[in-house]
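Naming follows writing order (A, B and C), and every chain is counted from residue 1.
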Amino acid sequence: MADPLRTIRKQTGNFLEDFRPGQVFRHKGGKTLTEGLFTTFTEFAMTANPLAKNARYARAYGFDGLVVPPGLAMLVAFSQTVEDVSENARTNREYVDMRFGAPVYVGDTLEVETKVLSMVPHRKVANLGIVHVQSTARKNVGASDEAVVMTWQRKVDVFKRDPAAELHPGEAEPDPVACELWLPPYDPKVDYAAMAHLSSADSYFEDFEPGTLIEHSRGRTMTSEHIHLTAILDNTSQVHCNQFMIDQNPERYVGGQLIIFGGIPFTLCLGLSSPDVGDNALGDLVYPTGRHTAPLFAGDTVFAATEIRAVRDFEGRPDLGVVEALLLGHKFVRSEDTPATADTPAGWRKVPIFELERHLAVKRRSHYA
Amino acid sequence: MADPLRTIRKQTGNFLEDFRPGQVFRHKGGKTLTEGLFTTFTEFAMTANPLAKNARYARAYGFDGLVVPPGLAMLVAFSQTVEDVSENARTNREYVDMRFGAPVYVGDTLEVETKVLSMVPHRKVANLGIVHVQSTARKNVGASDEAVVMTWQRKVDVFKRDPAAELHPGEAEPDPVACELWLPPYDPKVDYAAMAHLSSADSYFEDFEPGTLIEHSRGRTMTSEHIHLTAILDNTSQVHCNQFMIDQNPERYVGGQLIIFGGIPFTLCLGLSSPDVGDNALGDLVYPTGRHTAPLFAGDTVFAATEIRAVRDFEGRPDLGVVEALLLGHKFVRSEDTPATADTPAGWRKVPIFELERHLAVKRRSHYA
Amino acid sequence: MADPLRTIRKQTGNFLEDFRPGQVFRHKGGKTLTEGLFTTFTEFAMTANPLAKNARYARAYGFDGLVVPPGLAMLVAFSQTVEDVSENARTNREYVDMRFGAPVYVGDTLEVETKVLSMVPHRKVANLGIVHVQSTARKNVGASDEAVVMTWQRKVDVFKRDPAAELHPGEAEPDPVACELWLPPYDPKVDYAAMAHLSSADSYFEDFEPGTLIEHSRGRTMTSEHIHLTAILDNTSQVHCNQFMIDQNPERYVGGQLIIFGGIPFTLCLGLSSPDVGDNALGDLVYPTGRHTAPLFAGDTVFAATEIRAVRDFEGRPDLGVVEALLLGHKFVRSEDTPATADTPAGWRKVPIFELERHLAVKRRSHYA
């Protein structure tokens, strides 16, 4: 009889005791943005900005080709960090100071590194702690057009694997990362007005008024498609795609069912807002903060609204202005006996799922239409 | 306390009172045909024509590369008109005189304009009217290869938003649009016979017989995938993707569930017919008429058949012939106590869902095999 | 009254009586590997090898660009043979001696030919026989880079259509097919170590130990997405996509529901194993045998494990080694009253679904890290 096989099962991802302030992860894989990935997500999110849909428009504006929307660039870059940072997380607390830099085009390859800024044991919950990291995504490493495309921080609650293991709390300084939004120059020789019909007539800088809340008209029902969407980003976190695992212990997992990867409502809400807010933007400058406030499941319908908080000049760019906004995503859950309100039908309860502070670089009608 | 936010909710799409004969819409967005979009739809439709599957075959035949099937070109172009023309429609009555022109390749960008030809209030139903429009799709506007790829008319029933609003009935002349199917020349130096095994042996021009009905052997069950398929065409009409909206008022919406965008059975029936009818065609010349005759829902299985109505010479092209056909799509619904018929099992009822008159430019065996 | 239409229904695929030893099928279609197809499957399978995800890595290693994983190349090539060989099969018995040759890149076009090696009536079951075929896939036929990409044999049980038809049993010799795995040369000038972080640190040749069983940590739940995945491979076999057909005769079809095309668990198990076994491989040399041992349905969760059987030098390539492995796929089905075992929870039964012998060409840490 042959010797019995020795079984090996490798650890996937890191647990709380594995994190040390100052530690650097150079994440595996990297990802080339193919036209397949671009189409799946740009259209999934119902993005309306013609920079992401119409290559002749994008090139006329001074980009190299179709522009990967910031939501997709964020998704691809963020997903590269999941295995090392949040594979064994309970929840993602928030995104902080997400800044955009070089434009991302189809064919670009993104690679990501992460530095651990701090690890703090949870004050109340045993075997849990808050890990704070800083990540930076670069494109085309080693090539002449290598550049930083985005950098951000996030805080996440991570489980301990071994209750008796020693932790390594502490803090490290974030690295200074040069990351400023690249924008094509304004070219007075380009006939922008001839292309103005390709975007909305009323989402120029001059149209935004602080103190208004724009309710975006469209909703989008999620289905089991989310499993494929998440896998094609290389995010293999099991709570999104392993129903058998959920079935063994439904009480342990939120909702007792597969939960949708947060990046999906993130990018979907950006897309749902784009006909009213984003389609005359040349780019997003920064997301100062962002967080998920409730889970999302197949069968839920996602809606969005944008609160306009402030408008200001864009230094050095008289053709543009900065709009400071708060993007809000929500869904409805059945709630028997709940009466109707101004924005919710009877028998339903409105549940906020996502919020994102967002600064956009928006075209001025005076220069572009 | 901060001032309360002023809520803005923009109108999406046009209502009956917004249409005026002679009015021209230059639709927003435009769309570049990426390889992602091409693969999703060409294969979704189970297209069998090697011009759409095999790049070396397509180039040997004189095309620049993989040829976007007419069904996909139609879907992309048509979807660009949905927001302005049919976002608030009750039903799409029919397609009329859909003519094809320049070939569409991966990487081409389509932009579409629509002219309102007439608006007529419905004789019986209040707050409804029939809008008749003419649309034209061009590729690569502003570039050296700018060309008309297709032009068509359609009639659609549109709701009034405000019962008291003034309507603008009347008629305008259609624009003359030069749009003739581009075909690669016959080249006697090309060894077409060496490639003949890549298509069916029995779908050449000589094989078609007027008075026959070809029942295509394959069926295809639709799933919730249709939501994604529709969104990636930029068609955000809510009856296809917003289950919450349906839930508020199921009686108002056909079937009380999400309804599948008509372009999907349109392109699927073309694909289902292609192994028997389309895979030795160099292109579709025109769809004289088309209409949907019943709705389609997730869970339905789509079938197709083609009636061969006439065959005739193709003037100036002795290597080709014209086949005039009627493409018919159907599904089955459960129908207790219904006995079996020649083409329907017991307990089921055959429901026609789609019909399309179709003229194809088909290769002659004498020249190509 | 017009003459009634004459109905034509063409036979799809071949039945047992249609096969003759020595017969050659030149399969219809061919298939160009677009970025859409590449993304859908490479990511669906959760492939971790950066050769398939990161174009700058692939080029640095001496490939022309992103490398199509062997599982996807197999899927595309195999699917081209389905209509002629197994459209009317009961089961696919096994794959034999699947050897890989030239690398496949996005943009390559694959065409496939099949030779019938033998047909043997089933000894016990009437109207059934075993057909043994040899298939070879070439890329870019007629171009300067035309090459064999893979060659394999398979055995399949095929139905007779007409019980009274004469069969043609017998044997023919397989064709000798030159097909050796192409690998980029080792280049001492390339800084491989600088890219080592992009793949796992512990899946180099030196890390594999015969007699171990590596349980891959991830599972993936299948959904109705399989219908689309199968269609985009041109596999239109109705048991995968025609629910209406199943509904007419549920007892005839395995599980009484749509069954997932075997190529899907084939490629998924390869992907699930890749973080532990495949991500430092430069290619797969051969799959000596493979077979499906149980059906797979939407709702099942797929898992995988790899048994390491042997390791040996790679003649002529001191930078590589050969790992001989057995890839095993399984799922769980509910099984009331079944007690827990070492690897199965109570109330479930572990069901093997797939096994594949696999020889990989793996990098040595000594040369690459």
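The rule is simple: a residue touches a chain if its C-beta (ideal position, glycine included) is under 8 Å from a C-beta of that chain, and two chains touch if they have at least 3 such contacts.
Every value quoted in this text rests on a predicted model; they were computed, and no experiment measured them.
Per the C-alpha superposition, subunit A sits rotated 120 degrees relative to subunit C, a value rounded to a multiple of 5. In a homomeric contact, the two copies may use the same or different surfaces; for subunit B and subunit C, under half of the interface residue numbers are shared, pointing to different surfaces.
Work out the mean CA point of subunit B and of subunit C, and you get 34 Å between them. Multi-chain contact residues of subunit C (touching two or more other chains): 34-37, 39-40, 224-225. Across the complex, subunit B meets subunit C through its residues 34-40, 43-44, 46, 48, 50, 53-57, 60, 66, 106, 197-200, 202, 209, 211-215, 217-221, 223-225, 275-276, 279, 299, 301, 303, 307, 331-332, 345.
Chain contact summary for the complex, subunit B toward subunit A: residues 3, 5-10, 12, 26-32, 34-37, 39-40, 107, 109, 111, 140-143, 224-225, 227-228, 231-234, 236, 238, 241-245, 248, 258.
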